[in-house]
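Next up: the structures, one after another.
After this come two complexes, each holding chain A, first together with chain B and then together with chain C.
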Partner chain A sequence: MLQHIFKLIWKKKRSNFLMMLEIFVSFLILFAVWSLSVYTYRNYATPAGLSTERVWTVFLNYNTDQDSVLRINNELVTRHVQSIREIKSFSFAANNLPFSFSSSNRELEFKGKKVLSEIMLVGEDYPAVLGMSLSAGQWFSAADTVGGRRPVVITRHLARDLLGAEEPIGQQISLDGDEKRTVVGVVDYFRHKSSFQEDDNCFFEPAGSADYNLLLQVGTGANAEFEAQLAHSLQQLNPDWTIEIQHLDQMKDTQNQLVLIPILILFVVCGFLVFNVGLGLFGVLFQNISRRKGEIGIRRAVGATKMQVMGYFIGETLVIASFGIGLGFFFAIQIPLLHVLDVEASIYVWGILLAVLSIYLITIGCAFYPSRQAAAIYPATALHEE
Partner chain B sequence: MIQLTSIEKVYRTDTVETLALNNISLHIDKGEFLSIMGPSGCGKSTLLNIMGLLDEPTTGQLSIGHQEIKQFNDRTISRFRNQKIGFIFQSYHLINDLPVLDNVELPLLYRNVSGKERRRLAAEALEKVGLSNRMQHYPSQLSGGQKQRVAIARAIVGQPEIILADEPTGNLDSTMGNEIMEILEQLNRADQTTIVMVTHDENMARRTHRLVRLFDGSLVSSNTFVN
Partner chain C sequence: MLKNYLKITITVMRRRKMFTFITLFGISMTLSILIVLTAFYEHLFSTNYPEIHRDRSLYATVLEEVESESGGMRRGPMSISYINKYLKTLKTPEKVAFASIPNTVNTYGNGKKLKLFFKYSDPVFWEIMGFEFLEGKAFTQREIDNNESVAIINDQTRDDYFGKGLPALGKTIEINGQNLRVIGVVRGCPITRMVVAADVYLPYHLQKRDPNNQDMNGSYYAIVLARSEADLPAIQREYFEIVPRIPLQTYGEFKPDRLNANLSTYFDSLVQDTFFRTGEGSARTRFYIFISLFALLFMSLPAINLVNINISRILERSSEIGIRKAFGASSWTLVAQFVIENVLLTLFGGLVAILLSAGFLWWFNQSGLIDYADLTINWTVVLVALVLSLVFGLMSGVYPAWRMSRLPAVEALKG
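Presenting the complex of A and B:
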């Protein structure tokens, strides 16, 4: 039967070519959409490595760059924050707070290998505030900096990327070519840009006096009134400071929306395109079947059952779809083979599989009704209309 | 072989009811060559379609080979058509996008027959109708008579017990018509195939065993010929 279908398709190759082209284009669109979906979902399903629950950020600006004043101010803020019962833990940090719009990248080197990584300048209590846990080593403390030692905690991704198979703890890595850092701890994940961020390189080192933004872990009783009191009390420490308090979970939501909205727009546009292709396919099949009533009649007359007629037309459409998919597959597979983008190959494999499945489902969906109509034609009527 | 009892066929639309066949009772013996004549629109093709299970009677009973057809489902009817009946139509009803050999193979596609066996049987059927040199031609490359011979080959490839021919010579000139008629006579004689043929041609009808005439959906006469 398949050979029979091939012969008929080949004979009508011109009219089938357009249908195949439509399916080819749809396949590429679906491949892109599914690959992006799988990539986004995988990132979303990856542990974040930090918790935003009841974490507030205080964007502080002392409006001075004198180191001695900065240090005094930090001391003042530390004492003040420690005196507030609702604040469970706190940490100073540089501007690139999690889910903020700031980013800071540095080049790290180990045994000649160089990689770029996000640098987070943070305090000793940073993991306590964000509920982070280390998978190896420990978080740095003041004692680690004795004798000019520069301790860092790195993510597992950075360890793999920079150190390869080497045990990370105790390794000396260079920052921007010369400054040496000692790895004292490893965290498995730290996805700080959004819930959809890919697991990436990041390392943490002790904050300096110029890193005076605050991250606060507040108690369950901390409410808007407390937030206003906190802002007010900090402002009272120095009226010239600029203070802005934000909630980390809201900051995360904002970042998530910035990632999701373009993706959703893309999905809607692609969905519309695929819907149009489906509609076109449906129309072509309908027209095709009404043009081939005589053929349906003779097939029924020589013994084809309704199911066989239906199966024949669906089968024919699936074969044409398979040609479109085959052509699309040829182009799609080039992306992982040629490493066009720095994305795991399995994501493309999933993208291809899901696109194939979607195309077959769309094709069957579009072919089902016209084919059922074809099967329902009474043989005598079909032969008479011819 | 074929037994029609009080067959009625009514076509209904929202406003009109047309009686196409009125109380037709007819018995056709195995190996008989029967012709049906009558003016256009008298119900000849409808009767043939009912005999071929391509259409259902509104009332009445149809038995083929002692099997009453009424209780058959689509699958059984299709299998019955495939194994017992071969059709020949005035307008051939060949699939223009398939070569002659594939057209002839068509009934075997719906049987459990291997590709090789299908080709062999189709080639054999084409040889019987004298078209073995046209197997790879397309219907558009054939004359009317050749197309009808392909249609006959398709009808006989599954070795059916019954052939139903709806004006098989209607679109052909007399020479071609005679050739087709000879093939049908040969099939009837050699294989004892029961043939029911609708025709407008009195001379062709006289070459069959029996002629029945229809008028306004009713059977009006039956003449037996000694050939």
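Presenting the complex of A and C:
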């Protein structure tokens, strides 16, 4: 049966060429869209490693570079924040706060292997503010820094990337060439750019005097009025400071939207394209089948059942689709083979599988009604017309 | 005769409703998507309010200090002192202005929290930009020399902070703990115009960070206005001759030995200089190739679809062609009819597309997703797209019809 269909289609390859071309292009587009979806979903399903609930950020700028002034200001702010009952815990941090627009990358080295990683300069209470938990070791404290030791906490991803199979705790890694760091703790995940960020390298270091943005864990009673008071009281500490309070969950929403909106637009546009193609296929199949009434009549007359005729026409469409898919597969597989983009190969496999599946579903959907029409033809009427 | 053709066309369209719908849907959907996308493109990149001289302006947005040995890099906007020293001294431009990157601040006026974007600028900024002043006027060098605390706000901030419809001139607004006197209210512009958009504009002397900062890095962009578009390359040449001779600073361990700077047209400053490091030519080319391939793939699909549908429709009508030939119609009469059918269908599809996209753009503009959005239909694109779909329609509908009309009537009648 299948051989029979292949032979028939091969003989009519010129008239089926456009349909194959259409399937080929649709396959490539669907492959791109599905790969992107799988990639995005996978990232979304990975744990974030931090909680944004009731976390506020204070973008603080002392507007000075003098180290002594920075230290005094930091003490002033610490004492002030500690005196407010509504603030449960707080931490200083550098400019690249979670879900903010800035980022900061440094190069780490271990036994000759060099890796780029995000650096977060943060305070001792940082995990408490963001509800983070460590999977090994512990967070750095003031005691860790005695004797010139410089403790860091790293993500599991960075441990794999930089240290490979070695036990991370206690390892010495160097930053930007020669400054030695000691790993004291490991967190499983820390996805701080958006809910759709890929699990990535990140490490935490104790904040210095120039890292004076604030992260606050506030109590349930903290409302807009409290926010205004907080901003006002901080401003009163020094009129030259610039202060801006934001809520971490809103910052996360903003970042998520920036990722999601382009994807949604792509989905809508592709959806219309595929619908368009589906309609076109439907029309062409309908036309083809109504022109082959004679053939259907003969098939029925020599004993083919209704189901067989229907199955035959659907099968024929699927074979045409397979030609298009085959050609598309050849091009699609080049992307993981040539490592065009730095993404896991399994994502492309899923992309191809889903694209094949959706093409077959679309073609079956489009072929179903015309094929049923064909099967409903009476052999006598069809042959009579001929 | 023409009326006859029209009648036939409409009858044919109504007889095969499904095919008409498929063709119309394909044409109008593709055109709508094209129109909407170009509207967004124009919104982002063309000369728009208030950047009325964007076509003869160059934008300096970024400096890169590179340490060749380690590959380390510092990258960011410029300081006022850098702009004064190396950009304001250029001889070819007509005017050079600067404005800071937008900052956000909360202000708690009228018992509610307002999140405002604010920007510092010099007086020249107001000479280059075509802001429409609803109240008052721009600040000049005089306010800066007298160290006056003044601000210019946009109409939305006026409505939110002082109350809707109330004049704001001379009143004070509190920003960053400073009390500022409002000296002007401008009609706002969408946030997508990054270099100019803000809710509050302040003269640069109000900036809290030490304005005598001698570092190269700061938080300012420069806008360089040329006398005419033809002068742009000359200005770029003059600047890029200076850049390699600019003395570099060291920052502790980090000792940069090379300076990369940009001075580009608006499109380049936004697309290339944001996504690519200076001199990353190959990555940029690959990016553009990737985008163009995807666009080509996108556009080819509806075209193939249209051709496919048209060809199978013509086959269906072979008996009609046969009969008309048998009754003495010439090939040309038949072709004329198919041309008119195609033109009508395409025009109708185009009309639907224009209505759909105009509706969408209207909805988008008033939805508040982007404040002050002013997306409009680009009629040149509509025309080009219509012509393109006509070409595909004619290629796929008329050419097979013409070939069939050359067949002997008996053959055509047989189908």
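One rule holds for everything that comes next: the second predicted complex is superposed on the first by the 386 of 386 C-alpha atoms of A that agree within 3 Å, B and C clash if a C-alpha of one lies under 4 Å from a C-alpha of the other, contacts with A are read in each partner's own complex, and residues count from 1 in each chain.
Just so we're on the same page, a residue touches a chain if its C-beta (ideal position, glycine included) is under 8 Å from a C-beta of that chain, and two chains touch if they have at least 3 such contacts.
Note that this is a predicted model, so its numbers are computed, not measured.
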{"item": "Superposition on chain A - do chain B and chain C clash or fit", "value": "fit"}
{"item": "Between chain B and chain C, more extensive residue contact with chain A", "value": "C"}
{"item": "Which of chain B and chain C A:M19 touches, first, second, both or neither", "value": "second"}
{"item": "Contacts of A:A355 with chain B and chain C, given as first, second, both or neither", "value": "neither"}
{"item": "Touched partner set for A:L273, first chain B, second chain C, both or neither", "value": "second"}
{"item": "First (chain B), second (chain C), both or neither touched by A:A380", "value": "first"}
{"item": "Touching partner for A:A304 - first (chain B), second (chain C), both, neither", "value": "first"}
{"item": "Partner chain(s) touched by A:Q235 [first = chain B, second = chain C, both, neither]", "value": "second"}
{"item": "First (chain B), second (chain C), both or neither touched by A:A32", "value": "second"}
{"item": "Superposed arrangement, angle subtended at the Cα centre of chain A by chain B and chain C, nearest 10 degrees", "value": "90"}
{"item": "Overlay on shared chain A, then closest C-alpha pair between chain B and chain C (Å)", "value": "12"}
{"item": "Shared contact residues on chain A - chain B and chain C", "value": "none"}
{"item": "Chain A-facing residues of chain B, complex", "value": "45-46, 49, 52, 54-55, 74-75, 78-79, 81-83, 87, 89, 91, 93-95, 97-99, 102, 106-107, 109-111, 115, 154, 158"}
{"item": "Chain C residues within the chain A interface of the complex", "value": "18-19, 21-22, 25-26, 29-30, 33, 70, 72, 103-106, 108, 112-113, 176-178, 208-210, 253, 294, 297-298, 300-302, 304-309, 311-313, 315-316, 415"}
{"item": "Residues on chain A engaged by chain B in the complex (per definition of touch)", "value": "1, 3-4, 7-8, 11-12, 294-295, 297-308, 378-380, 383-384, 386"}
{"item": "Chain C-touching residues of chain A, taken from the complex the two chains share", "value": "18-19, 21-22, 25-26, 28-29, 32, 59, 61, 63-65, 176-177, 224, 227-228, 231-232, 235, 239-245, 269, 272-273, 276-277, 279-280, 282-284, 286-288, 290-291"}
